[in-house]
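What follows is a pair of complexes built around chain A, which joins chain B in one and chain C in the other.
And now, the complex of A and B:
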């Protein structure tokens, strides 16, 4: 009770501080020789209020204060402490409070850590950022207050959706939000820099750190979500082209493109408009993501029950931001006339530009696939969904030149270059094609496209591998990320090609047998935990070589809410995952069994970690 | 006539235009091929001709209609006006149960039989897919 009140009033105070900050930044902007210390102090105050509010929500969750509506809706006394805490941001209201917290933390760090930039620029960035922050404050207080009071106070809460009670998903939202919200800083400072006409190399060097931070967190956030979907949803895949996944991929694509453009801008004052547009796009896409996930508009298999009125608020807010940024872009942006766009066809800039266009293409494919169903529903009320084949068909062919450009691009010189050691490059290409042909030959499906895809990925793999030895420590970060990407594509391709699946219904004691694999359903036993009962099934799987594997997937029946979840049992080895999941259909004595062999799963996760590690190295790298 | 530079620029613009048109065409074409329409049992009943492409059917799983044997799951989807029999061999999601909302993806055999290739999972027991909600409200 007391915590809810504290939290609620802290929020209102935080909003007031936000308004004061806008006032101070306007006043400071008019007569600015130095940064008004009030701005720093008030930002800290705002951070403090939001933090108090966030902590009081966490405490309400820990002590199971059911007079708070959010706690009542999402918690339960028998839930383990860890999930009580993670439940704080596992729901709509709490997750928005987390957004707000990250927003205020980032702007505070921005004020502290930005040196060597004009004071006016700093003030203006704070101003723009406050517009976003105030928008979120209003949204939170108006439509989704986490501190609504319930009377009479219920004895017991409704509990957290069991599939969210998972370690990966406990840290997934914070990490993803760090990425999303990091892009808000890029957005505000891009607008500030445009207004002041200081989009230059020194600005690029300064903003690159922020781009890298959000990029790293966004990458890791997507990875965590993907891992969670893999073992918790029991579909045995890591990416379903589901709208909710797509909305996190879109800002990632935009951010990755931006990162590469910034690299060019760091050296030469070209592509300035491009950088500004991408900065605006990244944040807009992040906001869209929040909007689409939270509004219930998306027809997604991940969707949680929610309230369309909130969507309207975010939509209006989004339009205000887009309008503001386009206004600034069109009226203040000036391209530098001195530097003409004279690209030599074979240079690093050109190859980055080419890759940018590919990324934009991928982005628009994902965007169309995600938005088209909504669009069609609005204009003709026809319900449709766009399946994975759409994405595969449109993305896979263009991945081939993309991978080649990625292999050759980094070794080119800036401004003007020519290809050295052509023979070497060509022989590597031939080797890649031969190897992939022999791998794919044994599988009679789509030999041509698979061969080409694998060979282009292999090619990138060899080139980056060679560069590790050749170039010593120059471009180590970039090389690691590209190497990781080649590994990722290779693992995904092999995973697609070599996966096998058996789905059957079995009773206890029965055996499924095809010529290659034998699945023996040995027994079941029951366990009782604090907030769920579980049925553990024991399977013995014998493959054609006679190797035994014991796997024990689990069914958990949670007490509150009364939901059954399947816990897959996965045996991970270096080369392949053995994945089994069961489900019990109501009132039936058959268990629905799904057994999959998924090669290179571990490598998919590792390569994404490698990619973000590349970003991390680039973050700490001193500019030579 | 025109200088070399102008000609080059003209060529460049044409190239970009052609690529753009090609891409848009490609995207629209594969969108058309890979779109899955959603229909309720009542809508299927009044279809004039049977679609050969993949569709989604949604509604409630009828009470006492689930029947499982070693390689199939059979059940009936109803929107309380009409119903359709579904056969499915594959993994069922956790929240698949009688008198709960369901979305099945697959092919129509005729107006009464549907062969599903996928049954969609939901994360939330209170969640009802918007299509199912509308179908049930008898839109």
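And now, the complex of A and C:
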């Protein structure tokens, strides 16, 4: 009770500080010889208030204070402490508070760490950032206050959605938000830099750190979500092109493109329009994602908050930001005429431009696939859902030239270059094609497209591998990331090609047998935990080589709320995962059994970690 | 001039998007993946097992007639259990039994039918398993009773004596 009150009033105070900050930054902007110390002090104050509010919410969750509506809706006394805490951001209100917290932390760090940029730029960035922060404050207090009071106080809460009670999901939102919110700093500073016309190499060097930070967190956040979906949702895949996944992928694509443009801008004053538009796009896409997910306009696994009122608020806020940035872009931005796109066709700039257009293509495919159903529904009230085949068909063919450009691009020089050691490059290409042809041929699948896809990924793999030895530490970060990407694509391709699946209905004691695999359903046990009961099924799986595996998938019946989840059992080895999941068949003593062998699963996760590690190295690298 | 044109057209595009989203907010979007009772059967075209020709769902299912769609596979053990029931239903002239052969090897499937008998009037091949998903199937075996191009009853898992009596009652 006391914590709710504290939390609520800190939020209001935080909003007031935000308004004061806008006032100070306008005043300071008019006569700006030095940064007003009040701005720093008030930013700290704002951070403090949001932190207090966030901590009060955490405490309310820990002590199960059910007079708080958010706690009542999302917690339960029998939940383990860890999930009580993670439940704080496992719901709409709390996650928005977390978002706000990250926003205020980031702007505070930004003020502290930005030293060699014009004062006006700093102040203006704070101003723009405060517009976003105030928007979120209003949204939180108006439509989704985490401190709503309930009377009479209930004895017991409704509990956290069981599929969210998972360690990966406890850290997935904070990491993802660091990425999303980092993009808000990029957004504000890009607007500030455009207004002051200082989009230049020195600005690029300064903003690069922020781009890298958000990029790393966004990459890791998506990875965590994907790992969670893999073992918790029981579909045995890692990416489903679900709208929620797509809305995190879109900012990632925009941010990755931005990162590459910044690398160019660091050296030459070109691609400025690209940089600005992408900075704006990254954040608006994150916001658009928030809108799509939180308004309930799309149905997906993240089903909290189906409240049109909230949706309307974010929608208006989103479009205010879009129009603000459009206005600034068109009225203040001037492209540098002397340095316009006059690239030699074979140069690093050209290859980055090629990369940009490919990325934009992928981005638009994902965007259209995600929002088109909404448009169709509104215009013709037809309901469709866009599934994986759409994305695969539109993306896979374009990956081929993209991978080739990725292999050759980095080895080109700036401004103008020749292809050196052509024989080497071509021989590697031939080797890749041959190897992939034999791999695909052996397994008798759809030969042509797969051969080309695998060979292009292998090609990138070889080239980056060679560069590790050839160039030693030069471009080490970039090379690591590209190497990781080639590994990712290869693993995904092999995973797709060589996965096998068995779906069957079995009773206890029954055996399923085809020529390759034998699945023995040995027994079931019951287990009782604090917040759920579970049925553990024991399977013995024997493959053609006679290797025995015992797998025990679970069905968990949570007490509060009363939901059944299936926990897959996964045996992970270096080369493949064995994945088994069971489901209840209604009113029958049969279990629906789904057994999958998924090669290279571990490599998918590892390569994504490698990619973000490349980003991390770049972040710590001293500029030569 | 050019810049002005671009900015105005961009702004208007965003305004249109805004209104579409605004309208979209008021529609509720709840998709249910599983086929409910009294739902229309999915529209599809697929290959036949024996004739290797493509058929449309419209040509298979006629109005005012009962059909029984059974999803089966030779590797599925419970499918063997329910097989006698299907053979029994084959004798009933009021209902046409149609099979969907799910993710199967053609040779094995043929052996299965030779060994146990073929209860199906037509067999549709579903090599990739996508068709069965459209039907809303969880796994094999699964059985749908269809009348007037609507699914009126659904059995998950193998059929047994009780379900046979139930089906016979319906038709």
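Keep in mind that, in the parts below, the second predicted complex is superposed on the first by the 616 of 624 C-alpha atoms of A that agree within 3 Å, B and C clash if a C-alpha of one lies under 4 Å from a C-alpha of the other, contacts with A are read in each partner's own complex, and residues count from 1 in each chain.
FYI, contacts are C-beta pairs under 8 Å (C-beta built on N, C-alpha and C of every residue); 3 or more make two chains touch, one makes a residue touch a chain.
The shown structure was predicted, so the numbers you read here are calculated from the model rather than taken from an experiment.
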Chain B and chain C placed together on chain A: clash or fit? clash
By the touch definition at the top of the document, which applies to A:326: first (chain B), second (chain C), both, or neither? second
Check whether A:276 is in contact with chain B, with chain C, with both or with neither, and answer first, second, both or neither.
neither
Counting only touches as set out at the top, which of chain B and chain C does A:504 meet: first, second, both, neither? both
Look at A:385 in the shared chain and tell me whether it touches chain B only, chain C only, both, or neither; answer first, second, both or neither.
-> both
Quiz item: Should A:583 be classified as contacting the first partner (chain B), the second (chain C), both, or neither?
Solution: both
- Message: Per the contact definition in the header, classify A:311: touching chain B only (first), chain C only (second), both, or neither.
- Response: second
| message | Looking at A:393 after the superposition, I want to know if it touches chain B, chain C, both of them or none. Which is it: first, second, both, neither? | response | first
* Asked: Which partner does A:563 reach: the first (chain B), the second (chain C), both, or neither?
  -> first
| said: Per the contact definition in the header, classify A:514: touching chain B only (first), chain C only (second), both, or neither. | reply: second
Superposing both complexes on chain A puts chain B into chain C at one of 8-16, 26-34 or 80-88, namely 80-88
Residue overlap on chain A between the chain B interface and the chain C interface 296, 299, 383, 385, 503-506, 510, 583, 585-586, 588, 590, 592, 594
The chain B residues in contact with chain A across the complex are 23, 26-27, 30-31, 33-38, 54, 56, 66-73, 89-98, 120-131, 134
The residues of chain A that touch chain B in their complex are 161, 163, 233-235, 296, 299, 301-305, 361, 364-365, 368-369, 372, 382-387, 389-390, 393-394, 503-506, 510, 561-566, 581, 583, 585-588, 590, 592, 594
Residue set of chain A touching chain C in the complex reads 291, 295-299, 306, 308, 311-312, 315, 319, 322-323, 326, 330, 374-375, 377-379, 381, 383, 385, 501-507, 510-514, 583, 585-586, 588, 590, 592-594
In their shared complex, chain A is touched by residues of chain C numbered 3, 6-7, 10-11, 14, 18, 20-31, 75-78, 103, 129, 138-141, 156-158
